[in-house]
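So, here come the structures, one by one.
Below are two complexes that have chain A in common, paired first with chain B and then with chain C.
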Partner chain A sequence: MGFFRKLHDWLDDRFGWNELLAPLRKKTVPVHRLSHWYFLGGITLFLFVIQVLTGILLLLYYRPGANEAFESVQYIMTRVKFGWLIRSIHSWSANLMVFTAFAHMFSVAFLKSYRKPRELTWLSGMILLFLVLGFGFSGYLLPWNTLAFFATKVGTEITGQVPIVGRPLMIFLRGGEEVTGATLTRFFGFHVAVLPGLATLLIGLHILLVQRFGISVPPKLEAEWLTKPAALREMKFFPNFALRELMAWYVALGVLGALAAIFPWDLGVKADPFVSAPAGIKPEWYFLFMFQTLKVIPSKVFFMDGEVLGVLAFGVAGAVWLLLPFIDTGRARRWVNALAVVALAYIIGMTIYGHFAK
Partner chain B sequence: MEALLGSGLFLSAAAFFYPVLRFLVPPKEADMGSGSVIAAKTGDLKPNSGKIFRFGSRPGLLVRTTDGEYKAMSATCTHLACTVQYRDDTREVWCACHNGKYDVNGRNISGPPPRPLETFEVQVRGDEIFVRRRQES
Partner chain C sequence: MATLQSKSAASHTSRWFLAMAAGFLLAGVAHGQTKNSCLECHSILTDNLGVTEEKFSQDIHAQKGLTCASCHGGDATSDDPEVAMGKKAGFKGKITRAQIPQLCGSCHSDPAVMRKYNPSLRTDQLSQYHTSIHGKRLATGDTKVAVCVDCHSVHDIRPPNDPRSTVYPLNVPATCSRCHSDAERMKAYKIPTNQFAEYKKSVHHQALTVRGDLSAPTCVTCHGNHGATPPGSSSVAAVCSTCHVFQAQLFDSSPHKSAFASAGLPGCVTCHSNHGIQHPTDAMIGTDDKSVCGQCHTEGDPGFVAANSIREHLAQLAAAIDRSDQILSKAERSGMEVSQARLDLVQTRDTLTKARVTIHSVNVARVQQDIQPGLVAADKNYEAGKDALKERNYRRYGLGLSLIAIALVITGLRMYLKQIESGQDSQTT
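After this line comes the complex of A and B, so read on.
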């Protein structure tokens, strides 16, 4: 009897291993022409794991604080062996994770996978996306460079525009009235403790819900399979889908490694609160559509300040999107697809416009 | 009995959360920006140029116009708080973040800024340029 067989029997004897794994063996994945979209959630999870691992490595050398943060990242990139690569992988992986999380969200929206009984799966996924954006926003400040400084100043100021709760929230985020070393310390805490804790809990819940309800199929196909059960096609999750997912992770790792090595992440110039914002300053690409919107909104729209209107409009749009499973009923159903198309077109259009605009 | 137990639990929760919530709010810093500061020396700025200076905990902008006159204002854009700069090519104050523009008197003239920049009083004493907040009349 081989070692692994013995280990398996030992575990089974004590924990009922076979019983624990039984649901996984029964789990199936629907097979149809849109099945490849099912890989995105897993790829996002894989990139999150990369983030945790490289983040732990960076913690060995990173020092939070306005006088040390920039220098410590510089040290990682120039003195520590492969430090530049680890940091580059962390930054690229963060960007790819935001991309795959957005792609996963839109694929779920277009395939209408949020339908009953999966409303909570959608809500947990949306909160996870907000957390991913929170990771991006808080992590961006940590090298304490000029771009990060102004991105944080603008981002927290946007929070301050929210009526009633905005200003106290902004002061809480900044650790004071201004973006200072206190902000950096807070963001570090959010980035390495608060957000990972919340994200781990929510990922657990999200996966549990996916496990509980199984994988959704598009409504049209679902109806077709209900009337003709013989047409139903599916594959076993383990090992068939799991091995395919593993291949997708391997490809993601290859893309990530190539991007990190060929285009190492830049460090920029150390932040100085007493210099002007440099020309051509822009946020990370995933905030660009909001940035560009706030740039083109006039200073006054009727009686309201333009930026307040912009922030409120994004808030309302976000709330509508969050509640999509509850809106997508009855007569509203035909509008929901149009809304998803408009949202996607707006985000892509404004991102491209923001990228090329001076 | 239930009411007693309920109030006891509520009070214990309040006793636990109140210090935590107060801890989250940072202490107020004294505003150091209301006094007079030396923004620059007279030789620092040629006509049609500008300089960021430290005004308490915030940045200020000192501009020397083409006529040689000094103007001082807050350097925090009234749109979303980026730090503005003086552009000698357009002779305007410009915010690079969202393309907001002000004239040398701090008035918002184009782009998204909703309000003018706060302007300060400038006094030249010897070779030093002093800037202070305008006194309320």
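After this line comes the complex of A and C, so read on.
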């Protein structure tokens, strides 16, 4: 009897291991021409784990504070053994995670996987996406470089435009009227304590819901399989799908390693609150579509301030998107796909426009 | 009822009269304060006698409460020209050019008067003017020379810190050039008229206009303003040294000091020129065609040898810095973090700058003293760049090996999957 068999039996004796894993053994994953989209959620989870691990390693050397943050990241990049790799992987992985989270969300929207009974899975996923954006926004400031400083200044200023709650929210985020060292320590707290705690809870709930309801099949295929049960094709979750997912994780690891080694994440120049903002300051790419929209809206639209109107419009759009499973019923059904296409085209178009705009 | 009505009407009428009287009183007071009857006529004149209210309101004197009568005499409150410009009222009429410095000085040289308007303003302008070439020539009866109004303008004189002022630092060169670039006007004085054209090509003009450095030298920085005079060959170094302190000290300690003096050559100008001073380059030192040393030194003399040696030392350090800069740029382009090495390279450049200052001592040993630590530092910077590139290559090898390992694991997983799936297929069939 091998060591692993003995360990397995030991655990089974005490915890009922076999009973615990029984649902996983029975679990299946539908196989069809769109099933590769199912990997995106797993890849996002993998990148989150990478974020947690590299984040913990960075915490060993990072020091929050306007006078120390930049220097500590510089120290990590230049003096700490493999510090450059850990920091670059953390930054690249963050960006890839935002990308895969968005891709996962759109794949779910297009495959209509949010249908009953998976509304809560969609809601938890959407909140997770907002948390991921929160991770990006708060983490971007932590190296305390010029770009991060002014991007945070602009970003929090936009928050301040929200009617009624905007200004108190901006002051809460900044820890005062201006972006200062107080903002940095605050963002650090959100980034390493508040957001990870919330995200871990929600990821747990999200995975639990996915396990509870199984994996969704696109509506057309579902109808087809109902009429012709012989056409139904599926694979075992364990080990068939799990091993494929593992292969996808390895590919993601390879891409991450290559990006980190060939294009180490730039550190930039230390933030100086007393100099004027560099020309053409832009936020990270995942906020670019919102930033560009606010830029192109005229300063006054009828009686309303253009920026306030833009912020409100994004608020409404976000709320509609969040409630998609509840809207996608009856007559509205045919419009939902068109809405998703328009939303995707808008985000891609505005991001490209924002990238090239001066 | 009727009594009440008549009472009310009376009180209404009396209030109306009171209001009228107050209005006239206020208008009278206001009129008395601002009345400047001179402008009523002179603002509609279009010839030399024309001064608009708008123009005069820009004048610092008008803003401080002075009127036309303060300079020209007369009674600005009278509407009658005979009274306003009458001898009784002390009317002086047109102030001749020869009278202008004295007239301005009557207030500007009196600390008691100036204290009332601007206690920090100097009161030595007139005494300085008397020592200037302009003042001296005016004293001999030459009224073509500059007097106060030629530089400060007239009737719209602004304080020198007003960007619209003719004597604001950015405007000073153009103000001086109005006369000094006028060949016809300067003909009688037999002085060149290319100073402004030359100055516009100079490093000082660039600092003033491109960098916006208002402390950069303009005409008055070297020549003085109220005491403007051409610096003599002996005082040129004193002029330049007010800013270029170290260069002047080193020059004073050099053999050039006495050699230039005995040859009647001005210190700095001999090598750097005056109005058209260019940014100095290492090419200025040495013995080739572009150098300035070759103008005096000939092959074989000690100065010739020293010039060549200094040039070589400078070139050696400049090349070492260039080499370090190139390798650090290459490392940066590869995404390596070399900001510390970059900072060190800035310090190395400072040693080169120091050596470039030391050449004014024309002492090879002293220049070498500055060059040597620079060379050591440049070598360190180069090594830092080399290490960064070595690290970059190490990372790339590491990446290659990791990718191979990952590819092997993926292939293994794929094969394992195939194997178990073929087993599952055979089980189902």
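Everything below uses one rule, namely that the second predicted complex is superposed on the first by the 358 of 358 C-alpha atoms of A that agree within 3 Å, B and C clash if a C-alpha of one lies under 4 Å from a C-alpha of the other, contacts with A are read in each partner's own complex, and residues count from 1 in each chain.
In the analysis below, a residue touches a chain if its C-beta (ideal position, glycine included) is under 8 Å from a C-beta of that chain, and two chains touch if they have at least 3 such contacts.
Keep in mind that what you see is a predicted model, and the values were worked out from it rather than measured.
Contact with neither chain B nor chain C is seen for A:Gly189 once the two complexes are overlaid on the shared chain.
By the document's definition of touching, of the two partners only chain B reaches A:Ile281; chain C does not.
Judged by the touch definition given at the top, the superposed model places A:Gly65 against neither chain B nor chain C. By the touch criterion stated above, A:Gly306 is placed in contact with chain B alone, chain C being left untouched. Shared-chain residue A:Pro239: touches chain C; no touch with chain B.
Contact with chain B, but none with chain C, is seen for A:Phe150 once the two complexes are overlaid on the shared chain.
Judged by the touch definition given at the top, the superposed model places A:Glu177 against chain B, while chain C stays out of reach. Contact with chain C, but none with chain B, is seen for A:Gln74 once the two complexes are overlaid on the shared chain. Chain A is touched at more residues by one of its partners, and among chain B and chain C that partner is B. Those residues of chain A that touch chain B in the shared complex are 150, 153-154, 157-158, 168, 171-172, 174-178, 180, 182, 273-281, 291, 294-295, 297-300, 305-307, 358.
Only residues 24-26, 29, 52-54, 57-59, 75, 79-85, 95-99, 108, 111-114 of chain B touch chain A when the two sit together in their complex.
Contacts from chain A toward chain C in the complex involve residues 74, 77-78, 84-85, 236, 239-240, 243-244, 246-247, 250-251, 253-254, 257-258, 261-264, 266-267. The touching residues of chain C, counted against chain A in their complex, run 335-337, 339-340, 395-396, 398-399, 402-403, 406-407, 409-410, 413-414, 416-417, 420-421, 424.
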